[in-house]
Amino acid sequence: MLVFKLALRNILRNRSRSLLTGLTMLGSYVLIVVAFSVQEGTYGNILSLYTQDNSGHIQITHKTYQDKPSLYKTVNQPDELISQLESFQFVTSVTPRIHSAAIAYGSQKTTPALLVGIDVIREQNTSNLANKVSNGQFMSGKPDSDGYFQAMIGGGLARQLRLSVGDELVLISQGADGSLANDIFMVSAIVGDINAPERLNVYLPLTGIQQFLSMPNRVHQLIVLIDDYRNSIDRTEAIKTSLSSDLIDAGLDAFPWQIIEQEFYRVMKADIEGNVMSQYTIIFLVCIGILNTILMNILERTGEFGVLKAIGTTPRRIFNQIVVEAFLLAVLSCLLGLIIAIPVNWYLVTVGMQMPEPVDISGVFVESIIGYMSLWVFVRPAMIIIIAATMVALIPAYRAAKLEPLDAMRSL
Amino acid sequence: MKWTKILLPMLLVTSNLVLAETLGIATKSLSNELTVEELVDRIDNLYRLDSSHATITMEIQTPDWQRSMTMEMWTKGQDYALIRILAPRKEKGVATLKRGNEMWNYFPKINKEIKIPPSMMMGSWMGSDFTNDDLVREVSLLEEYDAELETQDSGYKLTLIPKEQTVTVWGKIIIDIEPQHLLPTKERYFDEDGTPMREMRFLELTDFDGLILPRVMELVPLNKDNQKTTLVYDNLVFNQSPDDKLFTLINLKRMR
Amino acid sequence: MYLLWKLASRNILRNTKRSILTILLISTSVIIVIFSDGFVVGMTDNMVKSATRVFSGDAQIHHPEFLQSYDPSYRFNLSGLVKSLQDEPLIAAVTARSISPAMISSSANIKSVQAIGINPDTEKHLSKIESSVIAGNYLTGDTTTEIMIGYLLAEALEVTLNDRVVLSIPALDQSDVSQDLFRVSGIFQFNTKMMDEGMVFLPLEHSLQLLGDTNSIQEVAFNFVNPKLAEDTSLQIWQKYSSNEQVAQSWTEIFPTLSTLLGMLDYTMLIVGLILYMIVALGVINSMFMSIYERTWEFGVIKAVGTTPQQIFQLIMLEGFILAIISAVIGTLLGLLVNYLVAINGIDYSQIEFVGVTIVDPVKTVIRPIQYSQLPLWVVLLTLIACLYPAIFAARLVPNKALHKSL
C-alpha cells in the first residue's frame, strides 16, 4: 500500500529524528516489559509456592468440607479417583491428605497437636515438605520391626515436648468410629523450627493414621497440582464435568485454590488492580515522552504538507499518513526492542534479582525477585506503546490535515 | 456438654441405697411429713457413697458413629473410683482412676498412664457425652437451687431453679419422681427461656442385691439429632469394702 | 556566567511548546512519585494499624516462653510496670491483659476459647474492642458476671444477651478447674474469624481470680505516639523493659509474616519506581536532543565564533537545570495538592481480609517531608544526569559539519 511505503520512506528519510523517537519508544518498551515481568513474577512465585504447599491448585473433598471441615467428611476409596485424576493431561501430581487433631504426650507434658496424614511418596512429589525437614530423615511409610509407624513433628512441638529424632511420640485422639485412639510413633524427623507455620503439626504416614483413627481407606482431601496454576478455575470445571457422576454420587466436589484461599485471592486481585493504576501512569508518561518528538516531527514538515495539499492530497490522506508513520515507528521500535527484551527477561526468569534479605513465605525462603516469561509479557507492552504512539499522533495529524496550503508553504 | 453431677449414674446407683436406708424400708411411700427441703437434701445425699462394684455397658450413638463399651467399675466413698474397659477389644484394658479431684487415664497398648491436666477436664470422658469434670465435681442441689414440690399422676415433680449465684448453664431442672421407691424416673434440663435441652430417663427398675434400682439410664440431648448415650447395669453389688490399694496408680498399670 | 543564564532562559522561552512539554513530562513524574509515596505509606501504615491497633498493640511484653505455647503459667509480675510505661514520653497507651485457654459452655454447646482479662478503661485507649461491640455493652468493671463474646461464638453457643454461660479456666497451680457463672453482657464483631469465634473478654480482676494469681499477668500491650516507632529497633524502650522474666517486642517480631510481606511490597515498589524514573529520563533526553538538534546550525555558528565546548556544555546543562527546577516546583505543589485531596476521603479497602487483618479505615494518602524535600531534588538530579549526554554531544559538535545542517 502506498501509505505504508511512504510512511517507511519518511521514517528512514530523517534518520536522526526517527532514531530519537524510536529510541524513546524502544527504551520504554523494554522497561515496561521488565516492569510487567517483575510484577507478574513476584506474585506468581508467592502463589506457586504457597498453593503447592498448602491448598494445592485444585482439591477434591466432601462438598461441605471447605466451609466446615470435620473428621467424618471423607473421600472414600480414593485410589480410583486418584488414577482418574492422573489421567488428565494437565494434572502433574495428586496426593491424598488426612487432617485431625490429637493430644501429644512427651515425658511430662501434654500439648495439642495437628495431625496431617500424608502419602509418603506422593507428597514428596507434590509439596515442599521434604525441603522443610530440619533434622532427621523424611519418614518411611512402613511400620518398623516393632510395629510402630514413624512420625515427623513440627519444631514447636519438638520443643514443647522435648522430643528429638528417635524419640517416642504418644498420640491420643478419638477415632472416626468414636473409639479411643492411642498409639506410639517414632519420631523420624523434625520439620521447620519453632516459628514455622508447621510448628504444631505431626505428619503421619497415611496407613498409620488411617489405622490410628479407624478410618481405613478414607481420606479428607485429594490435593491436585496442574501444569499452570493460573488455569485452576477452568481445569476445575473440566474435572467436574468429566467426573461429574463419580463426584456427585460420593457427595464430593472439586475446588480451585481461588475458592479455597478466597481471602488471599481477593487481596491479590485488589493489588493487581492497584497495579493497573501504575500501568496507566506508565502509559501517560510514555505518551508525553513521545509527544514531543512526534509533534516536532510534524511541525517541521508543515511546509511539506502544504505542498502535498496544494497538489491535491486530501486531508484524509495526510491524516492517515501521519498516523501510520507513528504507528509504524512504534511497531518497528517494539520489534527491535524485543531483541533486548527477550534476553533481559530470560535473565530475570532464570536468575532473577537478589533481594537484600530473603523473605519467608509459607516456610520457604524466597531470595530473589523472579520474572515471568510469557507471550503476554511481551505483547501487552507493545500494545501499550503502539496505541500510545498512535493516539499521540492523532491531534497533530488532524491539525496538519486541516492546514491551509498557502500558510503551510510559507514555512518553507 | 456439661451437665451437673446430679446425673452421674454410677454414683446415683450406690446413693439410692442410702436413701432407702434413711427412709427405713425400700418400699415405703413418701409420708406427708417429708418436706421439700428434706427430699432435695436426700437427693443430694444420694451421693454419700459406700462402695460399689458394677459391670456396665455404655452405648453411644452420634450422627457419625455408634459404639458399645463394656466396663467394670469400683467406687469407694466420695473420692475414689476406678473404671476399666472390658470391651471392645481395641480398648480393653484402658482405665480411668479418680482420686479426689485428680484423674488419670491408662492406655495398655502404649503402657502409659497420663494424668489428665486441668485443661482437659472439660473434655469428654472416653468419647462419651460425659466430661471428665462431671466425674470429679460435686454439686449441692439443696444449697444451690430453690425447690418446689408438686404431686402429679405418676408421682412427684420437683422443680429446681438455680439461685442467682449458682454456677450452672441451666435455667431450670425438673425431676419426675415415682412414688413407690422415691427414685427419679426422668430429669429434664431447661435453658433460661424454658426450652428443654436435655433429658435423662431412668428405666427398668430391677432388683440388685436386694435393692430396687433403675437398670437403664438414657441421656438424650434435645438440641441435637441422633445423639444418645445409654447406660445399662449388667451387674451391681455393694459394700464389698474394697482395699484402698485398688485405687492407686500402681494398681492402675498392673491391671492389664 | 550571567550571560549563560540569560541565554539559557531565552532559549527555553524561544520554543515554548517544547519547553512546556518537557516541563509537563518532568512535573508529572514528580506528581506521580509524590502520590505513590503518599499512597504506599498510607496503605502500609493502615495495614499495620489494622493489624496492631485493632487489638494487639504496637508492642507487647511477655514472659520469654509465653508466645511459644500460650501457656498461661508463663507469666510475669506487674509491679508498677504499667505506670512506668505510661510515663514514657514515646508511649501513648498501655494496658495489661491476662490470657488463658478456657472452655465456655451454654445450655446448647461447649466450646474452647481464649479467655482474655482486660482492664476496660486502659484497654479502650489501645484497642478497638469498644467500637466492635454490636450488641449489649462494653465491659464496665461494675458487675461480676459480665463477659463479652464474639458473634460467631454466640451463634455456636446459641446464646444472646443476658443468657447464662459458664466459663471454666484451669487454675495456674494445676490443682483444679475454676468455674464461674457469667451472663453475656456484650457481643462483638471484628470480622476476623479467629477473634469472633475464639475469644472472650472479661474484667481482668475476675480472670486473675479464676486463674488463682492476682499478682502476675501474661501480657502488657502498648502503643507508641507514632506507630512507625514500633519499627525502630534502636529505641531504648526495648531493652529497658526486658529482663530475664519478661521481654518487650514490637509487632514486627510478633507477627513476622506481615512484616516480611510489607518488606517485599516495598522492594517491588522500588523496582517499579526505578523503571518509571528511567522512562521519564528517556523522555527528557529525547526532549533535550530535540532541542539541540534543532539548533545544530546555531551551535555551529557560535562555535565558529569562538564559544568553547565547556560553555556550550554549561549552556545545555543550565537549560536542563532551569527546566528541572520549574518542573520540580510545579510538580511538588500539585503533588502535595493531590495527596491532600485524596487524604480527605481515602480509598476504601474494608471488604478485604489480608493475613488475618482487615483494613478497616479507608486508606488515606500521607503527606510527609520527604515528599517535598528529597523527592523533587532527586528528580532535578536525574534530569540533570539525563542532560549530560545531550550536553556533551552538543559540546563536541564540529563547527563545519554543524554549519552544513540547515533547517
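For this structure, a couple of remarks:
The first chain written gets the first letter, and so on, giving A, B and C; residue counts start at 1 in each chain.
The criterion applied here is as follows: contacts are C-beta pairs under 8 Å (C-beta built on N, C-alpha and C of every residue); 3 or more make two chains touch, one makes a residue touch a chain.
A quick note: this is a predicted structure, and the numbers were derived from the prediction, not measured.
Of all chains, the one whose mean C-alpha position sits at the greatest distance from that of chain A is B.
More C-beta pairs touch across the A-C interface than across any other pair of chains.
Measuring from the averaged C-alpha position of chain A to that of chain C gives a distance of 26 Å. Chain geometry summary: the mean Cα position of chain A and that of chain B are 59 Å apart.
Residues of chain C found to touch two or more other chains are absent. Multi-chain contact residues of chain B (touching two or more other chains): 117. Across the complex, chain A is touched by residues 60, 62, 64-67, 88, 90-91, 94, 107, 109-110, 112, 114, 117, 120, 126-127 of chain B. Per the touch definition, chain C reaches chain B in the complex via residues 101, 103, 105-110, 112, 158, 163-166, 168, 170-171, 174-177, 179-181. Note for the complex: chain B touches chain C at residues 1-2, 101, 117-119, 121-122, 131, 133, 165-171, 189-192, 195, 197, 223.
Chain contact summary for the complex, chain A toward chain C: residues 16-17, 20-21, 23-24, 27-28, 31-32, 34-35, 38-39, 42, 111, 156, 159-160, 194-195, 263-264, 266-267, 270, 278, 281-282, 284-286, 288-293, 295-296, 300, 353, 355-357, 359-361, 366, 369.
Contact residues on chain C toward chain A in their complex (touch as defined above): 17-18, 21-22, 24-25, 28-29, 32, 36, 68-69, 256-257, 260-261, 263-264, 267-268, 271-272, 275-276, 278-280, 282-283, 285-287, 289-290, 293-294, 349, 351-354, 407.
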